[in-house]
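Next come two complexes, and both contain chain A; in the first it sits with chain B, in the second with chain C.
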Partner chain A sequence: MNAKLRDMVISNLIAILTGLALSGLMLLLLNINPLEAFGYSLKTMFSDPYTLGEVFLKATPLIFTALAFAFTYKANLFNIGAQGQFYMGAIVAVSVSLRLDGKVPTAVLLLTVMVCTAAAGGLIGALIGYLKARHGANEFLVSMMSTYVVLALMNYLLRTFLKEGKGEYPQTDPLTKAAWLPTLLPGTRLHIGFLLAVLTAVAVWILLFKTPLGYRIRVVGSNAAAARLAGIRAETVCVVAFLISGALAGLAGFTEVNGVQHMLIQDFNPGIGAAGLGIAILANAHPIGVIFASILFGMLNVMGNLMGRMPGVSIPSSITDLMQGFVMIFVIASYFLRDHWQNRREKRSLQRGAAV
Partner chain B sequence: MIVSLLKRALMMSTPLLLGSIAEVIAERSGMMVTAIEGIFLMGAWGGFIGTYLTGSASAGILAAMLAGLAAAAVYGVVTIYLKQHQVVTGTAINILAAGFCTYFQRVLFGVPTSPLKISPLREVAVPLLSKIPIIGPIVFEQNILTYLVYLIIPAAYFLLYRTSAGLTIRSTGENPQAVDVAGISVNRVRFLTVLLAGVMGGMAGAFYSVGYLGMFTSNMIGGRGWIAFAICFLGNWNPAGAAAGALVFGLAEAVAIYMQSIGGGGYFPNELFIALPYLLTIVLTVARKSFNVPAKLGVPYKKES
Partner chain C sequence: MAPFFELRGVTKCFARVIANKDVSFSINRGEVLALLGENGAGKSTVMKILYGLYRADSGQIFMDGKEQHIHSPKDAMTLGVSMIQQHFALVPAHTVTENIILGNVRGKIDYAACRNEVLRLSRQYGFDLPADEKVGSLAVGVQQKVEIVKALYLKTSLLIMDEPTAVLTPQESGKLMAFVKEFTRGGNSVIFITHKLKEVMAVADRIVVMRNGAVAGDIRADETDELELSRLMIGKEIVKAERSREAGESRGVRLELSDVAVRHKNQAPLLRDINFEIARGEIFGIAGVSGNGQEELCGVICGALPVTQGAIRLNGEDITHKSVRERISLGIGYVPVDRYRDGMVMDMTLAENMMLKTSYHPKWRKGLFINEKLLNAETEAAIRDFSIKAPGPDTPAGELSGGNQQKVVLAREVACGTQLMIMDQPTRGLDLGAVNNIHTSILAESKKGKSILLVSTELSEIFALCDRIAVIYKGAFMGIYPREKLTTEKIGLLMAGYSDTKEAEQ
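What follows is the complex of A and B.
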């Protein structure tokens, strides 16, 4: 077990560094010294508390979407529609917040919004799970398509019912401070949503590894035939896993709307669903690992933004997507290395056993 | 009006046909090409760059095929030779492709003051055939990519069912051990079908930039790669089925474009029509039963040692 963990850390480090090195090569094409760019962004990030806070701020929704993917992945199911469930959560967060804003105390408002967003995301998730369990529909196809449907719904609502009072842009009215998630550290934008995300990750870990439900989910994931023989209903597990997965992604809508944007803007955070998948893979779908992997992705995000603002040169901010994409590919590829090491170790221990 | 609607339906089904037939060939060998969305995007970008820099649409389409090939090659290496999960790898490639295109668009062109344009492919009327009433203007007044697809459907059918290569491809998806015992490398067959899917998917992507809109934006594919992926499932892993499915989706897109142009007739919001192809995918995925799924679809081949 220890050796496995060491393999994982080493192979992930190799993968991350390779990914960053390749992104650095891409900077060379712009005649920019990558070491200078990385150095500048790292130095600025760690010397300025506000920017450091941004790392954890960006990590917050990623923890939720990564948990969403990881959760169904444990049951060998694929929810690649976290983006849509997140948007659904965001729509509900802003609608409920605007309705309750100024009418109830902040704590009541935030709790209500939290429950509603989780329910909204969970509903979409459960629907996908139901279509898979009852009708055998391909779940990753349905979840992928659901994102585009929710996106169209969001654009429609922003053009009609939710459109701001001024009627100028496709966005909602801003929430008043009473509906904001409280700030965690003064002088930064970091809000208590980050704490909620970390606690949720711990809760998901307990759910998966310390409860009967989690056990059933993992059994279905690792050996569906054995699960059936043990009397576990795979259909129920599928719906429940998708329900929880969707609820997790929906919560990202809560932290982003009430914690960061304080309104709903068209097409915001378009990549967090996909990034969540990469993070879950980086963490080997382990809920606690997800926290650290999300912080890494938050860091890449902030570094990309900082490079974009680096004085004297012009680096496109899309370098962030490039860094995240390269890191993801190499992390996936590094599983091969990990399996190879594991095989070699097993072979050696067998040989040792034979010698004795 | 019906004629122009059907004409547009055929046009919009062109890239879906290319993509879904590419997917059929690869999936018959056991490979889901979940990177198809990224391959489409790379094709759209490659096609735009090639056409913009050389001024020739054929150079653009060639560049698109190469761009699709490159994305497929990365996908193939990771999923076939490194044996990693196909859905996960595909999603990563899709993200990488989006970042790659956006980044290099900036590297090459900076931030242009006005959007960069190329002239989209012209429609070419086939002499005589286009004079046939109704069918002529629908089928034979299209751009060159659509004509190419007319040829690709029977070609794919012939390849899969009438050649020994096709037999090998299909056997690789059903019983890779047997193929291996016959002395054919399972991995090589799969890699080649993925590369072929990359070339065809790249061409499909070029349809959107070079063939239709005459520009490039990083969100121009908008899930159509995934729709092509779905059509392959819905068409029962058969080129003819895929062709029928692509026509249905082409029609849905044409209706959506038409309804948007008349403002939904005042009753329906535009967004409903934008969502139509995606809703249709969900409904059909749920409704379609008894698939003829390749037995080893998505399973990496490991030799017994």
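What follows is the complex of A and C.
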């Protein structure tokens, strides 16, 4: 176990550094000194509390969407529609917040909004799960397409019922401070949604590995035929897994609307569903691993932004995507490296045993 | 004179196991060599090295005294070595002729000539192959003959057969043995991989026994007997579990199937006219060549396969339309034929596998969570009671050997099958030690009053354990017989579909 943990830390570190090194090579082609750029962004990030807070702020919704993908993945199902479930959560978050704003105490409002967003995302998820379980629909396609349906619904609502009082832009009225998620650290934008995300990840881990329901979800995911002979109904598990997965993605809508944007605008965080998917794979769908992988992605995001604003040089903003892409490729490749190390170790100990 | 083929000091390691260590033996021209050993003893691995499928970590191979480097099956075939795998390498959608010439023709194919050559070869050894038939429509025994003719077509002089009789009826096995004798008379050699002692004594000139990846014995067949061989194979003597019968107790009916049939549209019925009952404490055997409806019968009783017609009763209660989960809670245990596919979750721990069938049972729950203390305690008890070789309840199931995995399944099903246990070939592919263990458990459970439905393709197992035996063929029973009324010859005929209605009990 110890050797395995060591392998994991070392191989992941190598993977991240290799990914950054390759990105740096690309900067070199633009006649920019990568060491300078990385040094500048890292120094700024760690010396400025506001910027450091941004890292965790950016990680928060990613934790939720990554958990959403990881959860169905454990049941060998694919929820590609976290983006849509997030939008649904965001629509409900802003609607309920605007309705209750100023009428109930902040704590009551936030709790109500949280429950409603989870329910909204969960409903979309459960519908996908139901279509799969009852009618054998391909959950991969249905969930992917559901995003566009919800997106269209959101755009429609932003132009009609949810349109701001001024009637100028397709966006909602802003929430008053009473509906904001409280800040975690003064002087930063980091709000308690980050804590909620971390706690949710722990809760998902407990649900998956410590409860009979999670056990059944994993059985269906690992061996559906054995599950059937054990009297576990794969159909039920499918609906439940999608319900929970959708609820997790929906919660991202809550933290983003009430914690960051404080209103709903068009083209709101369009990439977090896809990023969550990548992060979940990066973390091998492990709920605790998702936390670290999300923070890593938040960090790369902030670093990219800082480099883009670096005085004196012009680094394209796509450096963020570049770094995230390279790091992801190498972290996934490192799984194979770890397997190889493990195999070699076992083989060697066997050969030693045989020689004696 | 140097032997035909010789292996010297062959060693092969996989990541988690030493498959072969320092294996050396030889085979002469015209000899039948049996490679005997339990499953996992390394028989197949060493043969795959000779056939070029695996590369040895160290060791040498000699042919007629000259060292050879065999890196691929192609190299092996050039030297005249062919191997028939346990799972045939045939293309079902192609004809017999096409399969046989596959990979050995260039340019424009002269089908007529190929076809004549195939017919000539098959006639020479009395195989009578239908040269233009599609392989997919042939019986398994005939497919094996296609594999053999494929090897003959390549002018093979050393034929390796991996467990060739596993899929055959006793009559077909007999014919195969006759072929082996005929083939070697012409100066060719055969290596026969098997774990069946009887076959070895019947066909082999010399026997190499393997145990734990190493050679445990190299003896002439006429200088040994089955007892010595089994001792070499497992390293200790086996006590045969035999049923001691207490006659005359009045026993109630536990399971009853009446008129059960399963038909799917446009298909031959999977099961038809199944009528039988099992008494309390009875062991009821289903004999037959695999693939004749055994799996479907088990599925119907455990609830995984819905019946088209008929009724199933457990203790008088109609369970025909009850779900798998309801039937588990009524006390039906099921050891499926393929534990990898149906019986276990290999990447979960032993403890997690122990609660697979009863995951809904409240006893595993402590508040919202799984009661891990109880689960671990029960798993440890199972490890002890069934002598499962495992470090502890946290061990991933996939890391155990096949026999120990099967014991885990058995322990679980013994615990949940309080009324009836369905066992589909519970000892398939296991070594003698594990087989013995499992037989003892089956007998002990039946003594406690549990009813047992035992499906097996091993006649010795059926005869050793069962009170009554039904022979299944193409989804229907050929008859139900008390054990004493059957002989190996008779059961062999029934398994091949030759009915004998006069003596049937019903």
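Here, the second predicted complex is superposed on the first by the 339 of 356 C-alpha atoms of A that agree within 3 Å, B and C clash if a C-alpha of one lies under 4 Å from a C-alpha of the other, contacts with A are read in each partner's own complex, and residues count from 1 in each chain.
Convention: contacts are C-beta pairs under 8 Å (C-beta built on N, C-alpha and C of every residue); 3 or more make two chains touch, one makes a residue touch a chain.
Every value quoted in this text rests on a predicted model; they were computed, and no experiment measured them.
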- Query: After the chain A overlay, clash or fit between chain B and chain C?
  - Reply: fit
- Considering only the touch criterion stated at the top, classify A:I232 as touching first (chain B), second (chain C), both, or neither. second
- In the overlay, answer first, second, both or neither for which of chain B and chain C A:M328 touches. first
- Task: Go through the superposed model and pick first if A:H135 touches only chain B, second if only chain C, both, or neither.
- Result: first
- Which chain makes contact with more of the residues of chain A, chain B or else chain C? B
- For apex chain A with the CA centres of chain B and chain C, the angle to the nearest 10 degrees sits at 70
- First, second, both or neither for A:I281, with chain B first and chain C second: first
- Query: Is A:A107 contacted by the first partner chain B, the second partner chain C, both or neither?
  - Reply: neither
- Determine the nearest approach in Å between the Cα atoms of chain B and those of chain C after overlaying the two structures. 6
- Task: Kindly list the residues of chain A that each of chain B and chain C touches, one partner per complex.
- Result: none
- Sort out for me which residues of chain A touch chain C in the complex. 206, 210-212, 215-216, 218-219, 222-223, 225-226, 228-233, 342-343, 346-347, 350-351, 354
- Note on the structure: Listed in rising order, the residues of chain B that touch chain A in the complex are 74, 78, 82-85, 87-89, 91-100, 102-103, 106-107, 110, 222-223, 226, 229-230, 233, 269, 271-272, 274-275, 278-279, 281-282, 285-287, 289
- Mind listing the chain A positions that touch chain B in their complex? 26, 29-30, 78, 80, 131, 135-138, 140-142, 144-149, 152-153, 155-156, 159-160, 271, 274-275, 277-278, 281, 314, 316, 318-326, 328-329, 332-333, 335-336, 339
- Taking the complex as given, what residues does chain C use to touch chain A? 11, 13-18, 21, 302-304, 323-328, 334, 336, 341-348, 352, 355-357, 359-360, 364-365, 368-370, 372
